[in-house]
Structure formats: structure tokens, C-alpha cells
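Chain nomenclature is as follows: A, B and C, assigned in order of appearance, with residue numbering initiated at 1 for each chain independently.
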Amino acid sequence: MTAQTIQKSKNGGRLRLWWQSVWSRFDDVPLLGWLIGALVAVGLEYAVGRPFAQLLGMRKSPALFGFLFILKEPWLIPSAIVYVAVMTILPIAALAKATASFANKTATALLRASTLLSVAVHLILLYAILYIWCDILPYRLIVVKLTLIAIVITLSLNVVNGYMGEFSCSHPGFISLGAYGASVVTILVFDDPSPWLFPLALIVGGIVAALGALLVAIPSFRTRGDYLAIISLAFTFIIKSFIENLEFVGGPRGLGGQPNWASLPVVFIVTIIAIWIINNFVRSILGKALNAVRDNEAAADAMTVNTQRTKMTAFLFSAFWAGVAGGLLAHVLAFINPASFGLQKLAEVLAMVYFGGLNSVVGSIVGAVSLNLLGEMLRPLEIWKWIVIPLMLILMMIYRPTGLVAFKEFDIVALLQPKQTTKGEQ
Amino acid sequence: MPLLEVKHMTHFFGGLRAVHDFNLSIEKGEIRGLIGPNGAGKTTIFNLITGVYQPTEGEILFNGQSIIGLQTHEIASLGLSRTFQNLRLWRHMSVVEHIKMARYSKITYGLVGAFFDTPQRRREEKEAEEMAYHLMDELAITHLAGQIVTNLPYGAQRRVEMARALATEPDLLFLDEPTAGMNPEELAQMMDIFRQVHKEFGMAIFLIEHRLRVVMELCDRIQTLVFGEVIAEGTPEEIQNNPKVVEAYLGKEDIH
Amino acid sequence: MTYFLQNFVNALQWGSFYALIALGYSMVYGVLLLFNFAHGDIFMVGSYIGFFVATGLVGLSAVGVITLPYWLILVLTILISMILTAFVGMLVERVGYRPLRDAPRASAAITGLMIGVILETLNLIMLGAERYKFPELLQTEIYELGGVSVTNKKIMIVFVSLLLMYLLNLFVMKTKWGMAMRAMAYDFAVVPLMGIPLNTIAALTFGLGSALAAAASILFGTAYPVMDPYMGVTIGWKAFVAAILGGRGSIVGAAVAGFILGFIEIFSASVFPSTYRDLIAYSIILFILVFRPHGLFGQEHTSKLRL
């Protein structure tokens, strides 16, 4: 028995060593190198993906790395693995490695020229990759859009539930306020709206949500304790019921026909702006004050921190972004109804925040991306999906109660740095 | 004009009289001590002056301005900083973040700066960081800058709290039993730090202590508080030889 | 006046459901400082357990294995489901909450939510989307009292609820276990020091709360027989709000607030269109909470769902 466990752990250790040795070969690849590799890989898939898939016996390219096949058409799993290996993993790895020194030099030069330029180049590459990847299969487009929106929602909730350490349940309310606010601007206010109105509509959505947040914040932050959790929960119910009774936006039947403006570039840009601003905020002294308030409010007060204003600002800020995300969501789906902003939405949003990791921008990105993709990948499981995902979350809470990547700072400049090659070997 | 002037301050918790007719006047650069047995109301006096509680009666003037009714963070911004008896650090934050945080009231970049990473914000954040490193040097904790405070030994945590209090650039520093729980070696180091800090920054210090040695060595004048009332006031020698103090404090209470 | 009395009777009935469920929330909060977000779904599970027990007993009676009058079947159903659901509640505590005893409370709230989702899904998987109907164990009889019509079901529901609340109060006030629960509610940290087995008390609290939810679900089933896997969600969350309104951790508060919620809902629905019911109910509760932050019978708690 013991010998067996030792053997097992040895094997596990060996596997990890092997993995580390593989991974260490890529130590000198900077982010730029990975992006170049990925770009070429999606280009390859774009050019020959379909015939290659058919060659392997599949009707079309596997949409999400072949995961959809696992239960639906298990006999295609080997084909899917080959496809993913040839189309994605190998080209990325090979190119990342091959271009490493070029990428390092370029990354150095870019950063030396200006950080902004470097950021822009990386973002353009990232966008190009997403664009081509989505262009191969239309199904991917909607997945990517919803995932990007989920990132904004998760991040904004993390500001309150993670950074500020309160337990807010009002996000479905804020998202729906934003969705309806923006939709009212684009559908009801103007007869023949131009797409240039869209940013305005999103901002209106955000402001409506922030005004809603004011209603929650004023009574909640006077008292300590679990107060916000309850008030915000009641708020979610109230907003849902309120919209159900609002005839001019369709009441319980919902509101449809939003113009098709939430294209991939728009969603991408809004997401990037949201990440940038939220990350700036939580890394500033004004934003760090949230952590101080969370960890010890009396000490924060004694150290000149205006705790009331800090909490209030952060809460409205969080709601604003939830509202913007709601506006995007409404225009991606082109239909919204009050029923979709209820408790299920709450569970979904909370799950992304707590799975990804509290008090961490990277964590929120990871949480939103992984749970969204997972949700899509597990689609073939049908209803069993709703056993698997909750179980994963429960295990996560038991073994890592603050989530996967909690309490990490997201330093963009560090991310863009070239990787030093060791003593010019290889 | 004294830096801090407290006149006839009285406070009740419900029906319980915690502080009675407390008077205090601290000059710039002076080191004051407040001693007294457990439960005498020493920390309550700190909390009253720093705005945690509102006194039932009396006047508190800081630089000639009444600070009654101001919020704690407003009083702190005026130049009145403090440490806590039971360390109150922020458990998920690093040492350098602690000290930068205490610069909160000096930040002028506002929300625009916080959201958009403006040049002004970069400059002010950098200044705060430089100040933090200066203070960490001063207190010999620079090597701990990036550490999360929860992982630090007790003595180092005390220093972090001290550095944080200093970062608000106080004219008056309240220290609430700053040597509690320290061993003799740490105690000696801490006393050196007090002297050094006082010499360097020249602020006034108002000190609550349990250990008589600390107050006797450091303070210019000492008050003795028993049941919320000052029973004696004077220089360390006078206090040491005051029969009332000896009876009420040294004679009967068990001190460490 | 008759109109008022008629609504009064209906409000008493709905208040009984809310109160019984709210008690479960409140006890768990009081003793363990946890929001048991799975409680609404335990109500749902109780309802289905009750359905199978009742159908089984009716079937056995029909084929003549045992001969029981329907009222006795109802009583047995309530008792058996209470016991079985209590075990479900303890299982939930064991799996979802006990491993997180030292984790941040917000994490436990998340596991609660997720266990709720799992219970709903399991139900769908095992029983499909088909709606089941609770067997009619009590023939409806209508009594006219001065223009107010009262059914025997309503009387039974209110009576059984009050009886259960009385028994619960007796348990908490008079028994050793009840005292241990109260001690734990008073000071969580000190309890293990006094030789009170924390895990046993936690399990007991969940068991009792779940048993009450099961009783509520069967009473609910006699009045509103159609069941579905999401039935616990709406009514459960409302009861949660009632528990908060009553004052977290207060048993009397939860019971009173349950009835208050019933009254608000029935009377607002009698004046305004019924679609406004939730809006008005939650707004009133919010309004009360703004002025009484700790609920009607609660004491100040500074603890927080913190990291």
C-alpha cells in the first residue's frame, strides 16, 4: 500500500519533471513570440484547416479544441487530437521557439521606443489572432464575444467582492440596468440611430447601473456586517420585478431588435479599456485603499483614508462597468428579458469571480475565460454540465478558498518584457 | 499656542463614566506619557482625541482649531497619527504598500489619475514610493519591502506600523503601548527607534505605556490616569516619587 | 371587513410556509454564521421525498398491504419526510460546509449556491422535466364563517406550522442540545473549549432546519400540489429575506417575519396588480431594513462575509 503510493508520487513527480523540462525549453520565449506563433497557427488553420479536418474524417474543424467531440462523437477524439496538435500546438510551439530571439529583440526595441507602442503591437496581434480564429467558424465568434463580456463583468464584481471584501449580490441587477439603459437609447430614443451612438449608449447603460448602485450603497455602507449582501440581493429582485412591470420596454416579454453594433472589434476594444482602467484603479493608492478598508477599516481611517468615499466610489465604479457590459451583452444577443437577470445569472457571475481568484485582475480574466469556455466545451454533456461545473467550484472552494489566482498584481509592462536568454546558448 | 490642547474632556459609555475632566496640553516636539493601570481609560482618551468616539463634554484643539466632530481620517490628515495597541495591519498587503497607503490624504491626482494612469499620478505614486523607502531605511525594514505583513515577526510588524504612522507626516504621534509583547532586546531597539524618529522628524509624541522604564526614560512629562481621572502630573522624577501614584499604581496594581 | 378577513386567512397560510423555511436559514445563520444558500433547494428535495413517501403509502394502501386512513398517511408522510430530509441537510453540511469551516465565509456561500444547483440538476436528471403532482391526502372542505371561507387545509397548515414552531422553541430552550446551539450562537469560538462537539451541533442545526423545510414543503404540497425542480428557488429566497427581516439568528424573529412577508404579499396583491407583488414586498422589506439594519429581533453582528 505504502510502496504503491510512493511509486505513484514518484510517477507524479516524474511527470512533473518531464513537464518542467518541456516547459523550460520555452523560458526564453516572450509574450510577443507566443503571439506570433499563435497568429501563424490560426493563419494555417484558416488556410488548410477545413480540408485537413475532412481528411481526418471530420465534417469541419473542431470548434473549441475538439472538446465538443468527447461525448458527442467519441470516435472522432483521435482525429480531434491530431487536428489540434497539428493545427495549434505544434505550430505555436515551433514558431514561438524559432522566433524567440527575433521576438526578444523586437520586444526590447518596442519597449525602448515606447511602452504604448509595445502595448499597441501586442494588442493588434492579439486581435488579429482572435479575428482569424473566429472567422474560421461563426460559432467561435459568439463564444469569444460572450467571453470578453464575461471578463468585464467578472472584473467589475471582483472590485467589490475581492478588493473591497464585501459580498455583493446586485450584479445581475446592474447588468440588466445597463442592458436596458443602452437598449433604450439605441432602440427607443432614436428612430434611425447611427453606430456612433453606441459608445454613448454604453455609457448611458453604465450610468444607469451606477445610479442603481447608489440606491444600494447609501443604506448599505452606513452599517457594517453582512448588510450589503442582503440589501444587494433584495435589489436584484426589485430590479427584476421593476423591469417586468415596465411596459415600455416590453415587461416580462423582453426587449429585442437591438442594432447589430457589438461587433468583435467593438467588444474587444471595450474589454481592453475596461481591463486597463480597472487595473489602473486597483493598483493606485486610491484603489489599494479598498484593501486597507477590507483588512482593517479602523486602521485605514486612522491612516487618513476616507473610508466612506472609498467604498462608495468603488461600488459605483463596479456597477458602471457591469452596466457597460450589460449594454454590450444586449447588443450581442439582440434580445434581453428580465428573467435572464435573476439568480442564475448571480450564481454564474459569482462562480467566475470566486473560481478565478479574489483580488486579482488576472484571476478574473482566468475565471471568466475558463468557466465560459468550459461551459461551451461541456455542452455535449447537456444537463450533466450543471453537475460538473458546480462540483468543480465546490472543490475549488475546499482546496483554494480564494480561487485559482488570488491576490496577484497584474503588471502589464512586466508582461511585455523580453525574456533574457541564458548566456547566449541555443 | 500648544499643539494639542484638551480641556475638561469627559466621556460616558452609556451610564459608565470612562473619562472625567481630562486636561492636556502638548507643545511642539514634546514627548508626553500617559500611564495607568489596565482599564483606566488610556486608550479611550486616544480614541476620543482621534475622533473614533465623540466626547460627551469638553474641548479639543489641534493647532488652535477645534477638531470635535471631525471624522477620524480628517483628524489624521491634519497631522495626528497613531499606532494601535493590538497591531492593526492590513493582512493581505505588503510592507511598502502599507506605508504608501498612509500617503492617501496627500494624493491629489483624484479619480481621473486613478483610472487613466496620468503623468501626475505616476509622479505622485513615485513620490509616495520614495518616501516609503526612506522610512523603511529609517526603521531598518527595507529588506522586507515586498513581504506580506502577516509573514513577518512581531517586532518587524511593530516597525511597519510605526513607519506607516510616520508616513502621514504627523505633527503629533500617538503611540498606544508600542512595546507591548516585546522581549528586552526588541524593547531596547524600539526605544532607539523612538529617539531616532523623534530627533529626525521632531514631532511631538504622546505615549501610552505599561512599562514604566520606557516612559521614565523617554518622556518629558507624565500623567497618571486612574479610573478615568488624572491623579498626578509632572516630570518622571515627580511621578516616581508621588505617593498617590505609588499607592494607586505601583503599590497595588500588578505591573509587568 | 370580510374581504380583509379573507386575505388575513390567506396571509396566515403563506406566512406559515415562509416562517418554517425562514427558521432553517435563521438557525444556521445564528449558530454557524453562514448563509445556507442551498436551503431553498432542500425545501424542494423535501417536497419530492414527501411525494414519493405519500405515493408509496397510498399505493400500499390501495393494494391492501396496509390499510391506513388518508389523514394518517399525511401525518406519516410529514414525519418520514422530515427525518429523511434532515439527513439530506446533514449531508449537505458534511459535504459542502464542514470542509470550509476555517475558510472565508464567502467561499462557503459559494459552495451553498453550487450545492443548490446540483440538487436541482440531480432532480431533473432523475425525474425529467415532467411535473409531478402531490397526491391529494386531504379532501378539501370549505367552511363559511361570517362570509369568510376557510378550508380545512388552511387550518391544518397554520395549526401544524405553529405546533412545529412551538416544538422547536421547546427544543432550543429546554434540551441540552438546544442549549448547546444557543451557546454556539452566542460565542462560536468558546464552544469547543467547553466540550461541546461543534460538528454534532452543526449537523443538528442543519438537520432541524431541513426537517422544518420538509414539513413546509408537504404542507405546501397539500395546498399547491404541482411540483417542479425550481420550486425551492423562488420561495426559498423569499424566506431567506424574511429570515433577515426577522433578525439574523433569531427564531422568534424568523417566525414573525415569515408571517409579515405573507401579509405583505397577500395584501399588496389584493390592492395592486399581482405582477407588482415581488416589487412591493422586497421594497417594503428593504425599507424596514434601512431603519432597522439588524432586523426586527436581531442583535448587532459586526461579522462580515469577508475574505
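In the analysis below, a residue touches a chain if its C-beta (ideal position, glycine included) is under 8 Å from a C-beta of that chain, and two chains touch if they have at least 3 such contacts.
Everything numeric here is computed off the predicted structure, so don't read it as measured data.
Asks: Which label fits the chain touch graph of this model best, line, ring, star, complete or other?
Replies: Graph shape here is a line: each chain touches the next, no loop.
Asks: From the centre of subunit B, which other chain's Cα mean sits the farthest off?
Replies: C
Asks: Count the touching C-beta pairs: is A-C or A-B ahead?
Replies: A-C
Asks: Compute the distance, rounded to whole Å, between the mean C-alpha positions of subunit B and subunit C.
Replies: 51
Asks: Roughly how far is subunit A from subunit C, going centre to centre by Cα mean, in whole Å?
Replies: 37
Asks: Rounded to the nearest whole Å, what is the centre-to-centre distance of subunit A and subunit B, using the mean of the C-alpha atoms as each centre?
Replies: 44
Asks: Which residues belonging to subunit C are in contact with no fewer than two other chains?
Replies: In subunit C, residues 307 touch at least two other chains, as defined above.
Asks: Provide the list of subunit B residues touching at least two other chains, using ranges where the numbers run on.
Replies: 92, in rising order.
Asks: Going through subunit A residue by residue, note those that touch at least 2 other chains and give them in order.
Replies: Where subunit A meets two or more other chains at a single residue, that happens at 294, 359.
Asks: Quick check: in the complex, which residue numbers of subunit B touch subunit A?
Replies: Per the stated touch rule, the residues are 50, 52, 71-73, 76-77, 81-82, 84, 88-93, 97, 100-105, 107, 109-111, 113-117, 121, 125, 128, 164-165, 167-168.
Asks: Along subunit C, where are the residues that touch subunit A in the complex?
Replies: So the residues of subunit C touching subunit A come out as 35, 95-96, 99-100, 103-104, 106-111, 113-118, 120-122, 124-125, 233, 237, 240-241, 244, 248, 273, 275-279, 282-283, 285-286, 289-290, 293-294, 300-307.
Asks: Show me the residue ranges of subunit A that touch subunit C in the complex, using the header's touch definition.
Replies: Residues 161-162, 165-167, 219, 222-227, 229-231, 233-235, 237-238, 240-242, 244-245, 251-252, 294, 343, 346-347, 350-351, 354, 358-359, 383-384, 386-387, 390-391, 393-394, 397-398, 401-402.
Asks: Where on subunit A is subunit B touching in the complex?
Replies: Counting only subunit A, the residues touching subunit B are 277, 280-281, 284-289, 291-292, 294-296, 298-307, 313, 359, 407.
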